[in-house]
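So, here come the structures, one by one.
What follows is chain A paired twice: with chain B in the first complex and chain C in the second.
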Partner chain A sequence: MEALAALAALTGDEAKAASAAGSAGFAYGLAAIGPGIGIGYLVGKSVEAMARQPEAAGMVRTTMFLGIAFTEALALIGFVVFILIGL
Partner chain B sequence: MIALEFPPINEILRWKDLFPGFNKIAIIAVAAALIATIIFLLAGNKDPKQAPKGVRNFAESIVEFIENGIIMQTMGRDGLGWTPFLMSIFTFIYLCNVPGIIPFLQMPATARMALPMFLSLLVWIVFIGTGFKHQGLGYLKSSLFPPGVPKALYILVTPIEFISTFLVRPFSLTVRLFANMLAGHILLVTFALLSEALFQAEGNPGLIPVGVLPLFMLIFLTAFEVLVAFLQAYIFTILTAVYIGGAAHPEH
Partner chain C sequence: MSTMTTPDPMTTRLEGEAPEISVSLDILKRGAYAAPVIVAVCAVFAGLDGVFSSLYGMALVLVNFLLAAGLVAFTARISLGLMMGAVLFGYLARLGLIFLAVILVRDAPWISLTALGLTIIVTHLGLLVWEMRYVAASLAFPGLKPRRPAN
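Take a look at the complex of A and B:
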């Protein structure tokens, strides 16, 4: 309750900074969900493929890194937004 | 309570100018270029007929990694002519990333936006130029109007392809490298500050042993950054190879 009262007492720029800090956390947290699921799924499937066919491991690994790079970009854009609005 | 004051982002990333327009990040970038050049010049002066050893052995293993690990996997045999370009990109980015974990330097030069941005603009120009060189104006046709799509869908597909090929590619190359190195740097700063604040907790000596935990995390993250520095250089190079390979040979 004390924190809420303190939040209500803020004015102008302070309130803006407080809400920016809060929404920065949300921005990064939400941006990390999708890529987290995506990378987990991608690497899991790649490990499965490598275990089934060890002779194709080199090719699978290259493609896996490509896929990770594309999936990870979303999380990283979220991180940049976090820096831009939060700090 | 402990006093934990996280410094503003400028204090973590901005270094003092040594003289106007030239700070330590520029020194790291120049040093990275010089070190790679010197290593390969030294290696190039060795007698190629003898069995390679020392610096030549090292340089040959890098070339072999670029050829077998990147070009043969993405562009095939035709792409071997791109070895010098891709190898300069790889060594430069790696040597710019690695100072992030070298004591007293502790700053990856690629954690500032400018360096990755110019590298990816260079890659952008190179892959578009390759496309026009190999296919002429057909490059625009094959990249904007992918074959095998119903004619009516081109209204939707062409703008998407334009944005994803010509605008998002350089942007995502930049942001991927920059944000990864920046995130690693901020993580290291956070855990270093946390353990420092816990070790120096005044009036609450019970907190001092707890400071060992973020210290272990810091050591673990430093080891992780060794991996990230290599991986980001590898991913940047492999994406460059994919873009150039895609521009040189259209998909049928």
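Take a look at the complex of A and C:
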């Protein structure tokens, strides 16, 4: 209730800044979910492949590492949008 | 009829050299080559603030790669299950570290958030694509990358 009252007391510019910060944080959170699911799936399948065929582990690990880094780029893009809008 | 069993990922561990470390060191080397170009571009549109911000952004990206590779290499020697957990929680931890690193300098007089943000994205993606070309070529044509005989 106090938070709602504080929000209601904001002036135009303050309200705009507060809503921009809130939206940016929300967007960053959403942008981190997708890569999290993607990395989990990618690493899970890689572990399965390495357990089945340890002799191919080197190749699997290399591609897994690059895949993790590419997937993480999505979260970084969300983070950059967050710092450009919200900070 | 024989049945094939899959080894338990919780107890399987990987010995030997860690390819992630060599990939990330290679990315570090390429980052050093690309740094002057990125810094010069940021200097053109954001001045001295752009120079400092782009250097900071590049350092963040390269440390992020090294941390990720170190985590995978260290935990893969213990167990594949641990490696999976470390990658997932490491993803969260590294995002948190980047967040903290940017929050700490956001009010610094030398920071340009636009230059910092663009440097993070461009460096991360650019270095990855550059490295991927090399990795893809060496995986597809291993004969092009001869190794020294063991003895």
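Just so we're on the same page, the second predicted complex is superposed on the first by the 87 of 87 C-alpha atoms of A that agree within 3 Å, B and C clash if a C-alpha of one lies under 4 Å from a C-alpha of the other, contacts with A are read in each partner's own complex, and residues count from 1 in each chain.
The definition used in the following text is that a residue touches a chain if its C-beta (ideal position, glycine included) is under 8 Å from a C-beta of that chain, and two chains touch if they have at least 3 such contacts.
Just so it is clear, the structure is predicted and the values come from calculations on it, not from any experiment.
A.B. asks: Between chain B (first) and chain C (second), which does A:76 come into contact with in this model arrangement: first, second, both, or neither?
C.D. replies: both
A.B. asks: Identify the partner contact of A:9: answer first if only chain B is touched, second if only chain C is, both if each is, neither if none is.
C.D. replies: Once the two structures are laid over each other on A, A:9 reaches no partner at all.
A.B. asks: Give one of first, second, both or neither to describe whether A:51 is in contact with chain B, with chain C, with both, or with none.
C.D. replies: A:51: touches chain C, not chain B.
A.B. asks: Which partner, chain B or chain C, touches the larger number of chain A residues?
C.D. replies: C
A.B. asks: For A:35, is the partner it touches chain B (first), chain C (second), both, or none of the two (neither)?
C.D. replies: second
A.B. asks: Thinking of the overlay built on chain A, is A:59 touched by chain B (first), by chain C (second), by both, or by neither?
C.D. replies: both
A.B. asks: Across the two complexes, find the residues of chain A that touch chain B and also touch chain C.
C.D. replies: Dual-contact residues (chain A): 58-59, 62, 65-66, 68-70, 72-73, 76-77, 79-80, 83, 87.
A.B. asks: Touching chain B in the complex: which residues of chain A?
C.D. replies: By the definition above, chain A touches chain B via 58-59, 62, 65-66, 68-70, 72-73, 76-77, 79-80, 83, 87.
A.B. asks: Would you tell me which residues of chain C are touching chain A in their complex?
C.D. replies: Residues of chain C touching chain A: 6-9, 12, 14, 16-20, 23-24, 65, 68-69, 72, 76, 80-81, 83-84, 87-88, 91-92, 94-95, 98-99, 102-103, 106, 113-114, 116-118, 120-121, 124-125, 128, 131-132, 135, 139.
A.B. asks: Along chain B, where are the residues that touch chain A in the complex?
C.D. replies: Touch residues, chain B against chain A: 8-9, 69, 73-74, 172, 175-176, 178-180, 182-183, 231, 234-235, 238-239, 242.
A.B. asks: Write out the stretch or stretches of chain A touching chain C in their complex.
C.D. replies: Touch list, chain A to chain C: 32, 35-36, 39-40, 43-44, 47-48, 50-52, 54, 57-59, 61-66, 68-70, 72-73, 75-77, 79-80, 83-84, 87.
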